[in-house]
Structures are given as structure tokens and as C-alpha cells.
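Next come the structures, one after another.
Shared between the two complexes below is chain A, which has chain B as its partner in the first and chain C in the second.
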Partner chain A sequence: MNNRRFLFWTLTPGFAVLAILALISIAGALYFSVMDRSLRYPDYHFAGLYNYQRLLSDRRFLNALQISATWEIVTVVGSLVVATLLSVLIFETVKSFWLRNLICFAFLAPVLLPRVAAAFIWRFLYSPSLGLINYLASLLGFGPVEFLANPSLALMSVAIVDIWQWGLFFTVIMLKLLETLPKDPIEAAQLDNAKTWEIHAFVTLPMLKAPIISLALVKAVESLRSFDLIYVMTGGGPGTATETLDLYAYQAGINLGGRISYASAMSILLLVLTTIVFTLIWRGIRKWSV
Partner chain B sequence: MANIRCVNIRKSYGGHSVIENLNLDIADHEFVVFLGPSGCGKSTMLRMIAGLEEISGGTVSIGDRDVTHLHPGERGVAMVFQSYALYPHMTVEENIAFGLRRQKVPQAEITRRVQHVAGLLGLESFLERKPKNLSGGQQQRVAMARAMIKTPKLFLFDEPLSNLDAKLREKLRTEIRKMHLDLKTTTIFVTHDQLEAMTIADRIVLMRAGAIEQQGTPSEIFDRPATRFVADFIGSPAMNFRDCMVSRNGDTVELSAGSLRLQVPSDEFGGLADGTTVEVGLRPSKMDLAAPGDLNAIPGKIILVENMGSDGQIIVDVDGQEMSFVTKAFRSLEPGQPVSFAIDPTSIHVFSKETGRSLRKAV
Partner chain C sequence: MVRLIRSSLASVVLALMVFIALTPILWTILGAFKRLKDIVIPVPKLFFSPTLENFVTILQNPSIRQGLGHSVIVVGASVIIGALLGVPAAYSLARHVRTLKGDLQFFVLSLRFMPPVAIAIPFIVLYLDLGLYDTLAGLILVYLVTTISTVIWLSVPAFERVPKEIEEAAAMEGCGPGEIFLKFALPIAMPSLFGALVFTFVLVWNELLLALTLAAGNATLPVVAASITSLGKEVPWGVINASTVILVIPPLVFIGLLMSFINGMMKPARR
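Our next item is the complex of A and B:
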């Protein structure tokens, strides 16, 4: 069997399953989105673009769109900033092989936790009456802080949990990447009288540009799927302060409203939007990283 | 510009000591080559002087200033690495200017100096390119430009030419030497290539197992090796060694082994006691064809004739052992022929069997 045929026969089954699963669900959602299907009534009719039209004037939808965008930016940037700072700090200060591995092991633990478990742990930590964080805050003289009940804090409080999981995981990856870099350019920079932060800002991190971009993309895709974390921690509340698009779609379609068609239209719009945005970002990055 | 002084330098990794009490003085403007086989500590020495490697004991001073505990950037040294160590994401111009930018030199001044160095090294047309789009030789020039632009007190070269092909190596070697004649900056150059060391150095520091085996001008090292190790390491084709018996006869001493009989004046050597065994070293390049009855003629049978261009190396079977000599008249020689070759008595080296030290008296 030649190489091409081997590739064809090994890749086809996987791609076929993937394509069928993706196509069926997308086709289903597309079909529902142009109907007026609701869980309240057994019958449904063709409604055209009515659902899409309504979405554009739905303030709750626009709010969810904004929350989703904020969530993406905060978690992606937050994870990378935390990972960059921590990995450089460990790279410069912890020289012992064993200690480094121990730290890496500890930093891997959060991301190994199921989202739901992490969410429960932090809900407990954030609790105004029982939580450790508020206990520490009270020792310093702060009143109990309503991390999850205060609309202006809730989204950031949940984002911190996400960054705790992924930022620490990325720290391990970036530390390993820093360790694989050739020593010579770093030494050359030392001889060029660059300070430690300058060496990292101008030499090591630019040398890691390509892998860091990949991490950002991975995180951006991952952040789109934070439904479970937000759902367990706040359920989208208080009010709609942490209601992202997938959460709103769930609330509208399954949990409360039962308006399947409306929710489907929302998911289709989300799909189109993310496809467009990611394509644009991907192109921009490719141009920039050459 | 500066002189370098290393006093009682020690270096150990964990409990394992690699350099023990090394003392070295380098004069201002001098071009010194650290030469030795891999693992002899020459690169470690260089890196300790640069400040890239911690010094376990002793002091290093550059220009009468103790720099033992100074950060590499504060020592006023510039280094060219074997791997070039260019910043891969920066253009040639940015690579060269990086050090000056860190020192907050004004942009106009940087531009002027970059143009100047680029001109000296023929890099003007490459300034906007990234290192990956340059050949090895061009990358090495960029690395040299990056070192030169800082006008350092001391240049350090860590095997800078070993990744280049032979022709380019020769060319850059000449350029480095010329650059030194122009700038007169004190320079330390590390290499394991003895030919490179011979051609480029004011002084060779030959190292072995973390200690200095011998130091001197290339001629001193070549003509008067202090030990068997130096004699063996320097020179290509490598020196012939034979164990010989000493028999004294008035003013002359005869060194013999099989059909090998060499007469040397006894007053030039010390410790040649009658009946002892010594090791005799004969440089192929110092020997030539001779008539069978000539003084110090060695008879043998040709095994192989190696054409080296203008000279030929002749491998000869002498009493079942291989010896070699170099001659211009190699074209008439054929394997299987009997041949005699001889050496001038002043070029004979004699080493103690016990210590490996040369028995030739210092002049």
C-alpha cells in the first residue's frame, strides 16, 4: 500500500465521524433556528429569520455578547500574563531541579481538577460567611466581600478561577519552553549589559513568540467552553452579570424559557461570529509572526 | 584596552574540580590563544573571565580592576560564541545595536557606529536581514560586529570558526588577526585547532586537564615543546615517537632502537644517563630523504605515499613500526621501495619516560 492510500484510509474514518457529528448538530440547530419551536407546544411552523431579527434587539443577548467578549479577553490575557510572569520568576529564582519539578507538579494540579470541582472549591473559598478568603480579609480589617454576589466583582471572581487553572498550567509549559531555549543568546545579552527583565522582554520571550501565540489560541478556544464553571459558580448571576452567550442560550432554550428555536438561532449566531473572529485573528497573527 | 591577571583560579562542579590554582597574566594588546583538547578547561577559563561561569576560588582582574564578582555586562568584555549566539528574531542591525541600546546610547550615535562596523566587516547590504537568512560566515561576521561595536577592553572568542568550512575559516582567521592589528584590543581566543592557534597567536597557552602545560610563542611551542604531550598535540602530521636506549660515548650520545641510531650532542640535553630508556620525538616535517650512510639516517620500507599538494607524507615501516616524514620529492617514491630519511640533530626531541618532560636544556 502506498503512502497516499495509507493516509486516506487511516484519516477518513476519524474525519468522517467528526464531520457527521458536527454536521448533524449544526444542521439540526440551523433547522430549529428558522422554526418557532418551543417546549410548551408540540407543533411548530416555519418562522424565517424572525428569531435572528429578535436577537438583534434583545438587550439580554447584547449583554451576553459583551460579557462573552470580556470573558474571552480577561481569561486569555490573564492566563498568559500570569504564566509569563510566574515562569520567568521561577526560571530566574528557582535553580534546583527538584524544587522546580515540585512546583510544576503543584501547578499542574488545578487544571487536572474537573471544572465543576474547581468551581465548588472556589465557591466555598469565596463564601462571605465560611470562606477562607473573607476570613483573611477580616483579619486585615476588610468587611466580608461578596465576591460572587456583587455584580461588579462576580465576573472577575469567576475569571480568577479560570486563570488559576489555566495560568498555572501555562506557567509549567512556558517554564519548560524557557528551559529548552539555547543558552548562548541569553549569555550574549548578559554580555551586552542587558538587565534580567530586558533579557526576557527583548530576547527570550520574542524567541518564544510562536509557541506563546499557540497557547493564546488554545486558551481562546478553551475559554469559549467555560459554561460549566460559570454555571456552577454563579449560574449567570447576579442578574445577568456573568451570563455569557452559551449560558443565555441554555437559559432561554432549556432551563427556563424552553424556546428551542430562539436558543438555536443564538448558537448559530455564536458559531458564525466565532468563526469569523478566529479567522481574522489567525490571519493577523500569521502576517505578524512572519 | 587592558591587561588581564588571573590568580589562583579554581573551578569545581559539585565536588569535582576541573581547574586547580591556575595563574595567568596577559599583557595589554596581546593576542593569546587557549589551546588544548576538548575538556581541558579552556572554554571554562574563558567563560570565567567573561563572568558567565562562577569562579570557585581566586581572582580575575581586567585592567587592574578586580572583576571576580562583577556581572558579565559590567566587565567591559565582548565575546564571540561558537554558535554565533545571534538574537534570531532581530535584524542584523538590531543585533549589532542591542548592546548600545541597553547602554542608552543616543540613536544618532548608534546609527553612525553601526554603519562604521558594518562597513568594516562588509555587512552594509545585510543590515535589514534576519540571521536565518545569512550564511554561516555572514552570521559570524555579525557576531563579530556585535562584539566590536562596544569597543570592549577585552575580546573573547570561544571557538568562533569551528562551524565554518575550511576555506572560510582561513579567511575569517586572517580577518580576526587584521582586526587585532588595527584595534590592538587585548584578545583571548579559544580553539582546539592547533593550526589555527599557530597562525593567529602572539602567545599560545596550551592547556591539559585544567592546568597550563606550556605557554609561549607559536615557534617556542613548536620547536621547543616542554613535554611529550605538547609535542604530540602540536604539529601536523603528528610527531613520531620511539623508545630508545641511551649509550654515551664521549661528547656524543647515541639513542638507539632497532635500526634507528641517532647521534645527538650530549651538552644540549640533561639526564641522559648511560643505559636508560628515553622517548625520542621526531617531527615528520623536520625530516627528509637521505642517503643510506648519512648521519642519523633511518632505513625503512615505504608503506604509503600521501600527496598533500606541494609536499608528500611518506609512511615508512621501520622495524615493524610505522614512522612518517614529509618530503617535496615524493613523486618518485612508490610503496614497497626501500628508503632512508634523516633528521637534523638540533630538531631531535628527547623526553623522560617517567615525567614526560623534555630533556633538552633550556637555551
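Our next item is the complex of A and C:
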């Protein structure tokens, strides 16, 4: 009996708060998405699926969808590639414990920076007239590059900041994972005269399959929350070149006259999309790692 | 010979990566001590006469001082409440729940899938109606979604690492579940739990979107910092650098802790 009461009092408060808050936001967003509520007028009426219909023919929305997808792919793949290459490099070349720890400390620093701070730091570095990067580029003979004002470079320039934070962080985690692996399979492969890259490509990295997939999932979830980075660095511009879905929803729902209902419909579509994709991935991970 | 070239190439690459990791941060710290005339020049200066002007400007700016205060209140309250509700729940989840454990953990994780805009927009309307708009209490309430779920998510493995034998022995001695939790599991898991709390702290300390949409009138530090850029035409780069440094200090203090947390999580769990 005592056991049951303990269980009830430990689990209920936390999960109740979570459930209520989640329910309020989802139910609220669903409700407003079928209304025509805007912050400018106090009254609103039922509008059916009008908002959703308009979304599907809204070119700015389709553009944002495409940019969000590009952003997800570039940052997830970029972070994992950087982390894999660097962690293997450190694992193979740096044998001193202290040096390894020192490198890890340096690589952990960027991810701890608030996104707003990271955004400012890099805006300063990217600046065409007084930034460090353009100064270095000019030493090498390149003209000033408009990293953030050039529509075809802007998204990649912001993605580099994200990879700077997460790729280096994942390097540390992957290095720790490599260190925990048993030595026997690696030694066996060395006896077979396998080259170093072959050992990692065919022995160690396949052994780390499950944790690497979880890292990808974590990164994919975190990449969805890049509003702060993009908002401070480009504000979605130039034009709409870096406008992801959450930026557009923010602009529509809060900045441009508060079209609450339209933004709600957008966030519901975003929610449905991410839930479907991540639930499938989560199922896949559990099947794979068992 | 080939070996030598290869290993020195590797050192160069690694040195370059450490340089890339740290230079942006160090450059910003340097910039925080520069006068504007030392910043707005085509050739970057490594040596200059340092000044504290920028920090004075910032600390005298009422909105930044208030932002700091608001951040401390909001982040402090939401992390403490998150820990009080999340840690016990995580313990029960780790030790006592069997059939529903996977589902409950997925529910907690799925809250992280929710786009922040999807949380923000309904709460704007709700808070406008309830009079909670632009209040710190409203922001704390919304942040609980992040803090409780992150605390639960990270604490479950921490409790799973506590050796079961200790708890079983305590139960044999006649300790109730509450006593076992408080006297045995909690102290043993404390170091990892602390890491989880620090991670949660960093997440909400850095949060911008919800703070910007729900409490712009009582802005937290990230919101204030984000608004500095739009202070007119002349960009006060020195001041921006200084405020970035102030924003960065609290999370960076925890770098050692994060390191030991990662080390702890990577050790194979004892069963």
C-alpha cells in the first residue's frame, strides 16, 4: 500500500504538469487554427480549414518548409560527419591523456554558449568590413565576402555556426564512446593488417551504430530549435533566404499584425510533421538497438 | 617518413580545430575591452589600450540589469520546480514502473519534439485573457515543460546506475520506498543528477523564443541582448561584445561539470 502511495506522489505531480501544459498548447493551437483570430480584433469566428487551405498555396510557407528541411539535413549530417572524422583523428593520433582532455575542453566550450551569444559572436566575425574572417580572406586575396547578406551563402553561413557548436560537442561524445569500446576486435583487425581507416569504417563505427543514431536523433530535435540563432544572425533574411518554419510562424503570428490563427495552423502542420517523422525514427532505433 | 608527415599533418589539423573552437570566443572577449575606434577598422588589432567602458555602459543600462534579474528569477524558479517534480518522478520511473516505462519516457521525449512556436502562440492568447502576459510567472510556467521533461529524461539513467543491491538491502532492513529514495538512491545518484540540472539550467538560460513572445515586457537577458542590435544605425560592437561575455559567463562556468557528466554517462551501467 505504502509503495503505491509513494509511486502516486512521485509520478503524478510532474507528469500532470507536463500533460496539462502540453494539452493546453496542442488543444489551443488546434482550436485557433480553425478560427480567424488575429490579435488586432477581439472577436473571431469559425473558419473551418480555410487557414490550412491558404497555407498550401502560400509560396512563402512552401519556401520555409524547404529551408527547414535543408537546415535539418545540413546541420545533422554536418555535425555527425565533423564529429566522426575528428573523434577518429583524436583517437588515433593523440595518446596523451592530458592533451586529450585539453582538446575536449576546447571542443565543449562552443556548445555551452547561449545561441544568442554564439549568433552575435559569428555575426561579428562574418562582418564584411570589420570581421576577422574577411580580414583573413583578404590576406589570401579574396574580396570581402557577404556571408550573411548573400542569399545563396546565408543559410550555409548560419549552419556553420550550428555545426561549430554541435559538431565539436559530438566529437567529444564520440571520442568517449570510442574509448569505451573493447580492444579485442580492434587488435584482431590490426593482426589482419587492416589499415586504420578500415578498422574504423568496418569495425568500430558499426559497433557504435546505436549511439550514433541516437546522436542523430538528438541533433535533429535540437536543430528544430534554431530560431534564436537564425533570428539574431539574419532575421530570416536576406529576403526569405533563411526563413525556417518557426521564423515564418513567429513573423506571421506575432510580428505581422498577429495573425494568430494562421500561425497556429502552421505550427500544427509543423507539429504533425515532426511527430510523425520522429516517432518513426524512435521506433526504428528501438528495433535496431535491441 | 610518410608516417612522420601523416602525424604532423594530424597535429596541424587538430591545432587548427582547437583554434576554430576557441578563437571566436576569445576574440569576443578581447572585443569587449576595445573602444569602438579600435573595432571599426579594416585591420583587426590584437594589441590596444583596454577599456572597461563597455562593461560600465552595460551595467549602467537599466534594461540589462533588469534582464539579468529576470533571468535569474525565471531560470532559478523553473529549474528548482523542475527538479522537485522531475527527480522523484524519474526515480519511480527508473525503479518501480515496468509496463508503462517506455511509453512514459517517449511522452517526455516527445515534448522535446514540439516546436516552441506551437507552444508560444496558444499561450499568448491564453495569457492575454488571464492577465499573465508579460509576467515572469507565466514564463516560468511555460518553461516547466522544458525543465521537468529534461530533468526526467536525464535522471532516469542516473538512477538506473545506482546499484540495486544497496536499495534491496535497505528494503530488507524495513525501509519504506520514500526512505530508500531519500537516504540511499538520491545521495548516490547526486553527482549525475547535478549534471542533469546544470544541463537543464543551460537550456532555459539560453532560451529566446518563448521569452520574446510571452514576456517581452519583462525581458530576460537573451531578449535584451537580441534587441541591442537594433539600437539605431551605429552598431555598438564593443557593447555587444561585452553583453555577449556577460551572457556567456554563467554557462561556461559549468564546463568542467559537463565534462565529468559526459564521462559518467559513458561508463557502462552497473547492473
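As a working rule, the second predicted complex is superposed on the first by the 271 of 290 C-alpha atoms of A that agree within 3 Å, B and C clash if a C-alpha of one lies under 4 Å from a C-alpha of the other, contacts with A are read in each partner's own complex, and residues count from 1 in each chain.
Criterion: contacts are C-beta pairs under 8 Å (C-beta built on N, C-alpha and C of every residue); 3 or more make two chains touch, one makes a residue touch a chain.
Here the structure is a predicted model, which is why all the values come from computation and not from measurement.
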Simultaneous placement of chain C and chain B on chain A, clash or fit: fit
Contacts of A:194 with chain B and chain C, given as first, second, both or neither: first
First, second, both or neither for A:113, with chain B first and chain C second: second
Between chain B and chain C, more extensive residue contact with chain A: C
Which superposed partner A:209 touches (first chain B, second chain C, both, neither): first
Angle, in degrees and to the nearest 10, that opens at chain A between the C-alpha centres of chain B and chain C: 80
Which superposed partner A:141 touches (first chain B, second chain C, both, neither): neither
Which superposed partner A:182 touches (first chain B, second chain C, both, neither): first
Superposed arrangement (fit on chain A Cα atoms) - minimum chain B/chain C Cα distance in Å: 12
Of chain A, residues touching chain B in the complex: 182, 184-185, 187-195, 198, 202-203, 206-207, 209
Of chain C, residues touching chain A in the complex: 7, 10-11, 13-14, 17-18, 20-25, 27-28, 31, 39-44, 85-86, 88-89, 91-93, 96-97, 102, 104, 106-126, 128, 141-142, 144-145, 148-149, 152, 176-178, 181, 202, 205-209, 213, 222, 225-226, 229, 237, 240-241, 244, 247-248, 251-252, 254-255, 258-259, 262-263, 266-268
Chain C partner contacts - residues on chain A that touch it in the complex: 2-3, 6-7, 9-11, 13-15, 17-18, 21-22, 24-29, 31-32, 37, 39, 86, 89-90, 92-94, 101, 103-110, 112-117, 120-122, 124-125, 129-130, 132, 135, 164, 168, 172-173, 176-177, 179-180, 221, 224-225, 227-228, 231-232, 245-246, 249-250, 253-254, 260, 263-264, 266-268, 270-271, 274-275, 278-279, 282, 286
Of chain B, residues touching chain A in the complex: 50-52, 71-74, 77-79, 81, 83-90, 98-99, 102-103, 146, 150
